[in-house]
Amino acid sequence: MINLALFGAGRIGFIHGHNVVKHANANLVALYDPFQQNADKLANKLGCKQMTPEQVFADESIDAVLICSATDTHADLIEQATAAGKHVFCEKPIDLSLQRVRACLDKVSQTDSKTMVAFNRRFDPNFQALQQQVAAGEIGSVELVNILSKDPSPPPVEYIKGSGGLFRDMTIHDFDMARFLLGEEIESVSAHASCLVDPAIGEAGDVDTAVISLTTSSGKLAQISNSRRASFGYDQRVEVHGSKGMLVAQNVNENTVVSYTESGVNSAKPLHFFLERYDAAYRAELDSFINKLMGEKVNLPSMFDGLQALMLAEAALKSVAEHRSVKLTEME
Amino acid sequence: MINLALFGAGRIGFIHGHNVVKHANANLVALYDPFQQNADKLANKLGCKQMTPEQVFADESIDAVLICSATDTHADLIEQATAAGKHVFCEKPIDLSLQRVRACLDKVSQTDSKTMVAFNRRFDPNFQALQQQVAAGEIGSVELVNILSKDPSPPPVEYIKGSGGLFRDMTIHDFDMARFLLGEEIESVSAHASCLVDPAIGEAGDVDTAVISLTTSSGKLAQISNSRRASFGYDQRVEVHGSKGMLVAQNVNENTVVSYTESGVNSAKPLHFFLERYDAAYRAELDSFINKLMGEKVNLPSMFDGLQALMLAEAALKSVAEHRSVKLTEME
Amino acid sequence: MINLALFGAGRIGFIHGHNVVKHANANLVALYDPFQQNADKLANKLGCKQMTPEQVFADESIDAVLICSATDTHADLIEQATAAGKHVFCEKPIDLSLQRVRACLDKVSQTDSKTMVAFNRRFDPNFQALQQQVAAGEIGSVELVNILSKDPSPPPVEYIKGSGGLFRDMTIHDFDMARFLLGEEIESVSAHASCLVDPAIGEAGDVDTAVISLTTSSGKLAQISNSRRASFGYDQRVEVHGSKGMLVAQNVNENTVVSYTESGVNSAKPLHFFLERYDAAYRAELDSFINKLMGEKVNLPSMFDGLQALMLAEAALKSVAEHRSVKLTEME
Amino acid sequence: MINLALFGAGRIGFIHGHNVVKHANANLVALYDPFQQNADKLANKLGCKQMTPEQVFADESIDAVLICSATDTHADLIEQATAAGKHVFCEKPIDLSLQRVRACLDKVSQTDSKTMVAFNRRFDPNFQALQQQVAAGEIGSVELVNILSKDPSPPPVEYIKGSGGLFRDMTIHDFDMARFLLGEEIESVSAHASCLVDPAIGEAGDVDTAVISLTTSSGKLAQISNSRRASFGYDQRVEVHGSKGMLVAQNVNENTVVSYTESGVNSAKPLHFFLERYDAAYRAELDSFINKLMGEKVNLPSMFDGLQALMLAEAALKSVAEHRSVKLTEME
């Protein structure tokens, strides 16, 4: 049995908290959230204690922490937790500052803790099956990756203001997916972005629609399409084109019913948003983390993966500003 | 909170037992299985007591029982449970004898217990969405229902010998689905059946492949196709044709990945069998039962539905034997 | 070059006439239609002469005739044409009377003419590909065939009155398809039918909705679903279930565009009716006939196939009337 | 009746020549090809005369010419034909030199001839339906266009050497499609390209895999993916994302058959290459040209469209060379 503590009782903390409680090999010992109301509500629901981070770090019975708190607390909590000998499962991003992320990685590397940055999409059964087929050589060597990721509707402008912007908040998942699928580090980033969905997003200094091209040193290419709006639901698709074929992961739909009437042929919409679409992925990523702690050989997205995805976001911002292709080496 | 006891620790008892444990509004108080090894194993896993049926019926804290035991115990347990004031969730069939089923309904009707025969397919999200669209008039009045149901591979011949045969064991689900979708009682049954999959099934006096036609008094028609073998997985599809259109519920596939190579275009197979395909349905049917006990207005498949499905199976057997269309009134 | 004459300048004559004119290896020498206006119009369009059947039969330059005239002229024209040494391509049915068809086959068998009953669906690229995959053993031995055939809307009641009824007019195609796919003669027919689409059809003594079950002597099974109404277009699908898998031929849609909006996911409808859906099939069946005449080895649907399909229709009528399974041997 | 002459008896001349012959409102009067063998063969097949361009231009009975000859003859023939009062249907590109194209447009604009650059994809029934749905406002205002275009396999290196390279030869179609769907002129081009398919292509100074990002002045975005290799067939797909939804045009497959076996679920491949996929488009584009000549209001892709597509190709080349986003105004 793995004993876990949860930091953060918001939306994503809610998901992971419930998944721990249902897990056969894990206990949720305690949770913490500075917003007392949130903390009380979730602790009550999950039947667990409340402990401060300091108490958690001092409690020898606790094996690992799940960091689902506000972004600006991630790096500190990671450092403190690993210093205290705890394993760490942390939501993305590690921090919005590249420098801070690098310092954090440095400290963590001096400990024996197992750490994971929770890029949930790597655990989606569809993307995972696709990646395994790529890795098995089913389509030969990868040449081109196309990633499309659109949210059903934009978050509140207040959220956007603190999010680090589209590239650091949303595209970061796609940058990670590109690395996951290309099987090779990215060399250059070229991005174009617009504010088409809501002028308020532009006024907040951000964009809501973007296209990004990526290249690797061996000449592999990738494209990302992003929008904060899809109107019909969560649009999350991936294609990998290789020397011997192509793999496509389509959207997951609400059901399989198709209706044929005089007015047309109607099928169910894609699952509405991440809670529905990545339900299985959230369970699988926690499962993988717990299996790792129990000694199994499991590949987890690492702190380094978190750093790379953020560097790609920074390069994209630079590319938009300077109307040119930006090399990742420029970000170091 | 609803307190439940489980009779039967086999495959289906395992599913329902786990679903009760995970349910927010239900407790699994105890279970019983005459095979002590099974009982110990599951009770241990689920962290519940073991009690005999008599102890369960005498325990005032227990609200309802889940009957997942051997078929020949169903009717007795239903009668005893309802006599003791317990609500009942019972796996199909109520019994393999029409006479016994009728006697059981009679007794139950003299009690105030809420009872449900667990036709799981009514709770499959796809078939449920389809039925709701039918009920909402999306395709006008129903004219023709096509049901296709094929297992990936036949059960052991030993199982078949005690199963009551294809019509009572497997087609019974399709008979219920036909009634669910036609929205009108069935008048006549015409069936044809063969033994094509395994001669041992024929030697055991059963068939493994069948087609059935159904009619209602207003002239609506339905067709059922059955096979004990599908090789590629569980084939579970439904079509409803109405005056204004058609609704189709397709299979649910393992994932959404499609592979395009020189040798062809490959997509994922349908989910392998009922455990995978009806995972959500099992959770939903338990949920509905519990909601009913908690006072919500919920339509549950009833003991009468269980009786009708069995009568249709009997009529199908008669039709095969006599090479003619059999009226349901002949079965009474 | 094959020289052809066309009897009948109606809808189907129009199709075949145009296809002959576009064909690289065939000339349309002449056409005939007792309705002079029709004859003039089509002859003008196709740039061919008009000749009476007698003139056609006497003209040694003409190799073959295409019989697209009224049903009650088919058998006579076939007999006269073959007696005159012409090859024959004839639209279904040969005649509505089984006795007449048998007499006609008898006479034709005494000539050296090549004859073909134009069951167009055998030449649909989708059904043909499916049948070839069945024949290649891709799904092992055939166990169950499901055929669904629905027209977008019923023909005028006047047409229905002279059509021989649903089974002889519409299901006849499905009976032929069942024989094409089962690879074995049909032994028994069991049919159920209703008048649900239009009471006027019932008043004309016909039905508009039907389900049919077929068996072969080795126990293979087939099901046919028919309706004179589909509202969303022409519904023409086939499934073959075998010992090693299943083959499905889906509808052909107007285009591949899918629209995703807040109100749902919409794709194009199936092609509206036979002119659109079987456009390629009409060209392919003529092509096969011409290739046969030019000496190639080609399998064509024969006069015997035409007889069998009609016998199945007769058996279906008897089955409906007598509420029982009818053996094909009873029809002889 | 429109009288046409055809220049060029190669692969594309073959297609258009046959389509003219089959057309109800057009005659193929003559053809010309400097390779006498090609000319003889096709003239024989199509039953038309041979005339030199000079003879064609001098023949008052000829209304229009179809220019399907070598690329470096296009501009001269367009100028001569329009000067002689002939209408012109010309294969893309007008010329590989921007300067030459501009001079040609200049001359043509001083005549009354109707001219068309044959961007066949605008006439594909799928892309056309999609564009009409966009134009009808079905998905609100366009925000993002994704175009994917992959050939089954690269052409011979000899062809590539004279082709003007990937962007001018292949992507030119996608540039035109982007303009067709964006409904707004493109402002900037950003391209990345690699040689991944065949080193011989790289040695010939060309690339075989590319990704391109486009922007418009209002901030609309587009992405193009190209590869000279798809292994499974011709991959030709388009997506348009708008403020109210998304439209997707999928590939057209060989047939609708799906095979389900133990080894997986297999469906038919996309149509192999442009001859199959754009068969209907070639007929439709000729039809539109003839309708235009007969006085109908028809939108045809213009010489200006040909110029713009070439300018975009030039900008893409510059973008690859300079690793930056190139404004279209830089090309003027």
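Per-chain residue numbering starts at 1, and chain names A, B, C and D are given in the order in which the chains are listed.
Convention: a contact is a pair of C-beta atoms (placed from the backbone, for glycine too) under 8 Å apart; a residue touches a chain by one contact, two chains touch by 3 or more.
Nothing here was measured: the structure is a model prediction, and the numbers come from that model.
**Q** What is the chain whose Cα centre is as far as it gets from that of chain B?
**A** D
**Q** Higher C-beta contact count, A-D or C-D?
**A** By number of C-beta pairs in contact, A-D is the larger.
**Q** Could you grab the centroid distance between chain C and chain D? Build each centroid from C-alpha atoms only and quote it in angstrom.
**A** 40
**Q** Where the CA atoms of chain A average out and where those of chain C average out, how many Å apart are those spots?
**A** Computed from C-alpha means, the inter-chain centre distance equals 57 Å.
**Q** So which bits of chain C are touching at least two other chains?
**A** Residue numbers touching two or more other chains: 230-232, 235, 244-246, 260-262, 268.
**Q** In their complex, what parts of chain C are in touch with chain A?
**A** Residues in contact with chain A: 230-233, 235, 253, 260-262, 264-270.
**Q** Write out the stretch or stretches of chain D touching chain A in their complex.
**A** 143-144, 146, 148, 150, 188, 190, 192-197, 209-213, 215, 219-223, 225, 227, 229-232, 235, 241, 243-246, 323-325
**Q** Sort out for me which residues of chain D touch chain C in the complex.
**A** Residue positions touching the partner: 22, 125-126, 129-130, 133, 138-139, 244-252, 254-262, 268.
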